[in-house]
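Each of the next two complexes has chain A plus one other chain: chain B in the first, chain C in the second.
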Partner chain A sequence: MQTALQYIFSGLAIGGIYALVALGFHIMWSTAKAVNFAHGDALMLGAVLAIMGIDVGLPIALAALLAVAASCLFGVILERYAVRPFAKTPTSIGWMLTTIAVGIMLEALVTMQFGGFSRPLPSPGVDKALNILGAGVYPQELLIPAVAVAVMLGFVWMQRSTLIGRAMQAVAFDRNAAALMGIDVNRMFAISFGLASALGGAAGILVAPVTQASAQMGLILGLKGFAVAIIGGVTSAPGVVIAGLAFGIIEKFVEGYISTAAREIIGFSIAILVLLIYPQGLFGKREVFKV
Partner chain B sequence: MSHRFASFTRASVLAMAALLAGPAFAQQEPCIGNSGPLTGAAAFGGAAVKYGAEIAIDEINEKGGVLGKKLRLIQYDDAGAPPRGVDNTRRVAMSDKCIAILGGYHSTVGLAQVDLVNEIGIPYIGTIAANTKIIENEKSPNYMFRVSAKDKWVAHFLVEQAVKASKNGKIAFIYENTGWGNGAFPDIKAAMKAKGKELVAAETFNWNDQDMSAQVIRIRDAGADTLLIWGLDREGNQIVRSLDKVAFKPTMIAAWGLAGNLGELAGPLANGVRVMQTFSWLGEMDAKTKVIWEKIQKKHGLKDPTELKMGSGTANAYDAVYILAKAIEKAGAYDWKKVREALYQVEHTGLVANYKPAFDKADPERQDAILPEYYRLTAWHDGKLLPIAQTPYGKSQ
Partner chain C sequence: MSARLPLFGFGLFLAFLVVVPLTATNEYELRLFMLFLIYAVVALGLNILVGLTGLVSLGQAGLFALGAYTGAILAVRLGFDLVSASIAAIIIASLFGALLAYPTVRVRGVYLAVITIAFGMIVENVAIEWQGLTGGPMGITGIPKPSAFGIPMTGFRYYTVLAVVLFAVVVVTHNLKRSKYGRAMLAVSQSETAAKSVGLNVTGIRTLAFVIAAATAGLAGVLYAFLNSYISPDTFTFSDSIRFLLMVVLGGAGTTSGALIGAFILTYLPEYLQQLQYWQKFAYGLLLAVVMFVLPMGIVGTAVVVFRRFVPRGRSIDMGNAVNIEAVVRQSVAGQTGSAELVASNLTIRFGGLTALNNVSIRVKPAQIHALIGPNGAGKSTFVNSVTGFYVPDEGRFELDGVNLTGQASYLIARKGLARTFQNTELFGDLTVFENLMVGYQRRLGYTLLDAALRTGRFRRQEEECRRAAISILAFVGLGDFAHEKARFLPFGLQRRLEIARALAAAPRLLLLDEPAAGLTTQEIEELAGMIRQIASFGISILLIEHHVDLIMSVADQVTVLDYGAVIASDTPASVQNDPRVIEAYFGTATVLEQAVS
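So, the complex of A and B:
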């Protein structure tokens, strides 16, 4: 029981990270029908810039704020120069390569500036583990899934109740019709990428005390987050968060009761199986492409 | 006509003679090559070798160099990629014609270099990468030498320390799921067997794993009180944090992958983690070490020895250059073959060990210069990795 509880807590923490990454994919996809494939690097950027800010003597809150702002800017620039020219129609896929390429370049640049070592981001949330019914967990780890759920609720509210949110949905539904209605489509694309990257940067700062920050931290998180987004249905915000948390917990139970080595095999087998049965993901809406 | 023919013949004969004599006259240059990670996640490993090799070369050159020639270091980046390491080896041997090549940080690169090094016949001296098969490669003549640790011996060393530290005799092992970790697993098992014991648990983890609670729960439930670790700092941090979460604190004894920045990552949780090294720059330095540290400090603008990541590699490279210089001196020529022979005759009192002799021609295991008796145990204490005798954990040893 105590062991199972431990796996649930650890799984929620990791699943929360996947959910935060997957939400970024959801935000981009649900407007632009394109994503930054290297979205994991937005997390890396947030975490690394926050640490570099602290290094030069900024107070932690200001460093975090600047890091999030820089991540947002990164998303906007990336959309403008690496996605928009390559995503003219819903079926074009040039942006897949360009976003991956930018991600690799960014990782190389950060390695040069930041060094190869993982570094800690100080946080009171990882000073001492809490003991809950015999299972240990850091407060920071509990915060991650909570923030993921809060962000999801916030974004759903934004889509339903704000003008900008509705405009984003309209663009996703039919960009030509939306443009004819007077919506600035390009601006919506920029906003969705900026928002996703800012969220990514903030998520990076949130998870770095647990995972440590390094130039390579975004790679696996981005990949798993993408897998989770696809499993959950990239068009559904609650879907990707539920899938993220569930994926994290399943991973822990596989590690615990089968073996560590089996984790990726079983995890990705589940992903493929889900896609075979639900091609649009567990909670996703059916996508119609007009060719 | 006959005059022309004669001059043609003379020219041909000269050309032929030059061609024939070529290999015999082929003099290598007074440079030492090195292929290591200068960029990428392990760039500190390339820097560690550079620091040590450069200071040794400077010192030797101040005294007039070797055979009247000044030595120089030529470093190429392999970024941890085996094909680039192979390419760099070819450049060092064929284009720069260096007298020897120093090995770098990654065992995978070292393994990839074995065939080419022996094919060309250029002496290779490893300085960090510890994989057993880099040196014990069953080639003859073997041009692969090493002034660093050897995984096979490290496994025995760690197991010996674990048996000493364990109260209930139950020892577990956790290792990274990579070439390095998987290569060590049979060595650890064999070392345990030699002590008449078996591991009570053996667990793996992958790079970038953020939580090890499943593994440490199994280790705890197997009743282990001592844990051997074969991994790097980033994952080492997750191991000690997961142990903290499940409120379990075994004695931890690790290979030198945890000699980087575990103290910074894990804070007080790193306290007491023991790490095998060939050298330590921290704690009280003896006079000789101090002089060398001050030279490194001056040359590279370092503030504190803690900035010397993988400092064992620096000391190994320092000793390796001296051993090589003495071998060239003994060989009397910058000649690969003669230098290789001379390496077996070098005796040297170095920073890490007393090499008597450095290598033994009769024993293929002894292409490794640093014997296990020179391995030392250090321990993390308040963010610093100190010789264990200078920490509170030294008394229990």
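So, the complex of A and C:
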């Protein structure tokens, strides 16, 4: 019982990170019908820059804020120069490869600057573990899923109730019609990539105190975030958050009772199995296309 | 001349494979060249996936590792020789390929990239952790020296094995590229919708492409294991997957020579990049970015474009081989002959709260021209989309010659002899006019994958028939002067004509034309009317969706009028024209009209 509770808590924490990454994919996909394959690196950038900020003596809040801003900027620049030039081709191969290229270069640069090893981000959230029904939990671990849910609710609210949110949806539905209605389509793309990358950076800062940060952390977290987006349905914000949290919990149980290799195999097998049975994801809408 | 070019290329490559080992000065040089031969096998397979279907795999290293481990384990534990180990590895890699591709590519091509990255990582993890089978981080040592049927295959003999395998893979992949399979892959990457409408199984074709890429990677893996006689997990990382992809993109995706050149460069380049240490990975990323921005078509692709700028290819085609058009479009396919009758009964389609089609029953009689008209939003296109399988009706059914087709996939319906055009033209934009027609002809080509790989007599005969039919259809629609022009460069009116031509190439029994006159000039509409009458005279039933009353009145045998998703009249053109309900639907009630006038 106690062990199970422990797995659930730590599963929710890592699951919250997957959910935040998947939300980023959701935001980019639902606006631009393209994603950033270097999205995991936006997360890594957030974590690494926050640590470097603290290294030079910035207070933790300011370092985190600057790191998130830098991640956001990374997303905007990437969209402008790596995604947009290839957005109009019939296949997605162009922006896939350019964003992958940027991701590889960024990871290599950070490895050289930051070193090839992992470092923790000091945070008040991991100073002292709480005891909940016998399971030890850091406040940070409770914070992560809460942030994921809050961000999801905020984004849904933004889509429904703000002009920018509605404009983003209009662009997703039909970018030409949206442009005719006076919506600046390119700006919407930039905003969606910026927002997604900012969330990615924030996720990196949130996870770094728990799992440590390294130049290589982005690849696997980005990948799992995408798997979660596939499972939950990349078109559904609540769907990817639910899937992310569930994915995190399942991982912890598999890891605890079987092995870490089994964790990866089972995790990605679930993604393939879900695709087989629910091609649009568990909570995704079927996209009706007009011919 | 262009038919001879591949043979010349093959010969040149063969000579290269013979000369290199003779000039190699030491064992290290020869070994490096042998690595190139192995990597080139991976690149050629991946080239089919990336260059033709436009999909990306970032897990080729995983499939390469799968082949290597399968071969090594079978050789060490069960004494398999080179041949049996290779066959086993190809089978295993292909199975995994199909397992990964099928669920993924039917949703979104992008998913394949993600799932393959994951697969590569899982293979690496399993290789490290399943010590009992894979030897863990230490890998597998003592892989026996390669032998086939009891004959040792070491040293120069192994070089010969590799060279022969690579040469065979070059020939086979190149042949596939120039067959209906290659054309189908290109078509699918251009327009999924159009591909389905000519009877292509989009998921099947993409899966096939990935299986080919997986099989070649698996084969290359075994060859690597026997060359090295030692394998360990760190030879098969994500970076290697990137490198394989880079080979294809750098050389020029979709070209056989490009894959070879890319593999060559990226076999030798890392030998120099090793001195850069950390910068090596950065260099891969930079190279990928530079290729995408500066040489998006790769080395060979760009060279071809430059060459064509100086030596342009003629747009027209020799029409000497044209045969009788009626014989071409009326050919019986898979036992289907004659004109078809379409009976739709009580079709209902709802989009959320909107009922786009409400209990619609339409009967298109054999060899008749049946017009479907109605104001904008009446449900005309929805009807076409539902009887062609693009929408699934909520209620009701439709039959072609008494065979119920409700709920079938669109490509299966197309294979029953139902061809269509689209309101917003859907062409294979980067294929030439001629290639568009050849893809339309696809369902009539019965040769197998093996026929295509080996260019058998059956393959040649059927391809020749296909070419001849395409020429005849070009002559019929008057596009002979544009045969080698890319479809997307055609003026709008000709694009519409090409769509009809592509539909005809499938030898349809029922042709659905979705607003073929939209955007055409008066003269073009007159030509279209003549063409429609002629097609009907071949015995092809036609369902014509149109707004142009003149066109309908001049060609239709029967007219059905839709309004707000329901049939309000169905009769001869003359009586429909005077039907008060029809007039009301188009112009409003008489009183409203009077008020407007007064």
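Basically, the second predicted complex is superposed on the first by the 279 of 291 C-alpha atoms of A that agree within 3 Å, B and C clash if a C-alpha of one lies under 4 Å from a C-alpha of the other, contacts with A are read in each partner's own complex, and residues count from 1 in each chain.
Everything that follows uses one rule, which is that a residue touches a chain if its C-beta (ideal position, glycine included) is under 8 Å from a C-beta of that chain, and two chains touch if they have at least 3 such contacts.
Small disclaimer: the values here were computed from a predicted structure and weren't measured.
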Problem - Touched partner set for A:77, first chain B, second chain C, both or neither - result: neither
Exercise for the section: Check whether A:91 is in contact with chain B, with chain C, with both or with neither, and answer first, second, both or neither. Expected result: second
Problem - chain B versus chain C as contact partner of A:69, first or second or both or neither - result: neither
Exercise for the section: Based on the superposed arrangement, let me know which partner A:117 touches: chain B (first), chain C (second), both, or neither? Expected result: first
Exercise for the section: Determine, under the contact definition given at the top, whether A:211 touches first (chain B), second (chain C), both, or neither. Expected result: first
Practice task
Figure out whether A:256 sits in contact with chain B (first) or chain C (second), or with both, or with neither.
Solution key: first
Practice task
Once the structures are superposed on A, label A:220 by its partner contacts, choosing first (chain B), second (chain C), both or neither.
Solution key: both
Practice task
Quick one: classify A:270 as touching chain B (first), chain C (second), both or neither.
Solution key: neither
Exercise for the section: Give one of first, second, both or neither to describe whether A:280 is in contact with chain B, with chain C, with both, or with none. Expected result: second
Exercise for the section: Could you list which residues of chain A make contact with chain B in one structure and with chain C in the other? Expected result: 108, 111-112, 219-220, 260-261, 264
Handout entry: Complex contacts: residues of chain B adjacent to chain A
Key = 39-44, 177, 203-206, 208-211, 213-215, 217-218, 233-234, 237, 241-242, 244-247, 260-261, 264-265, 267, 309
Practice task
Report the residues of chain A in contact with chain B in the complex, numbered from low to high.
Solution key: 3, 6-7, 10, 13-14, 17, 108, 111-112, 115-120, 126, 129, 131, 135-138, 210-212, 214-217, 219-220, 252, 255-256, 260-261, 264
Practice task
Under the touch definition given earlier, write down the residues of chain C that touch chain A in their complex.
Solution key: 50, 54-56, 58, 99-100, 102-104, 106-107, 109-111, 113-115, 117-119, 121-122, 125-126, 128-130, 189-191, 193, 238, 242, 245, 249, 253, 278-279, 281-282, 284-286, 288-289, 292-293, 296, 351, 381, 385, 390, 422-424, 426, 429-430
Fill in the blank from the handout: Counting only contacts in the complex, chain A reaches chain C at residues 35, 37, 85-86, 90-94, 96-98, 100-105, 107-109, 111-112, 219-220, 223, 226-227, 230, 259-261, 264-265, 268, 271-273, 275-276, 279-280, 288-289, 291
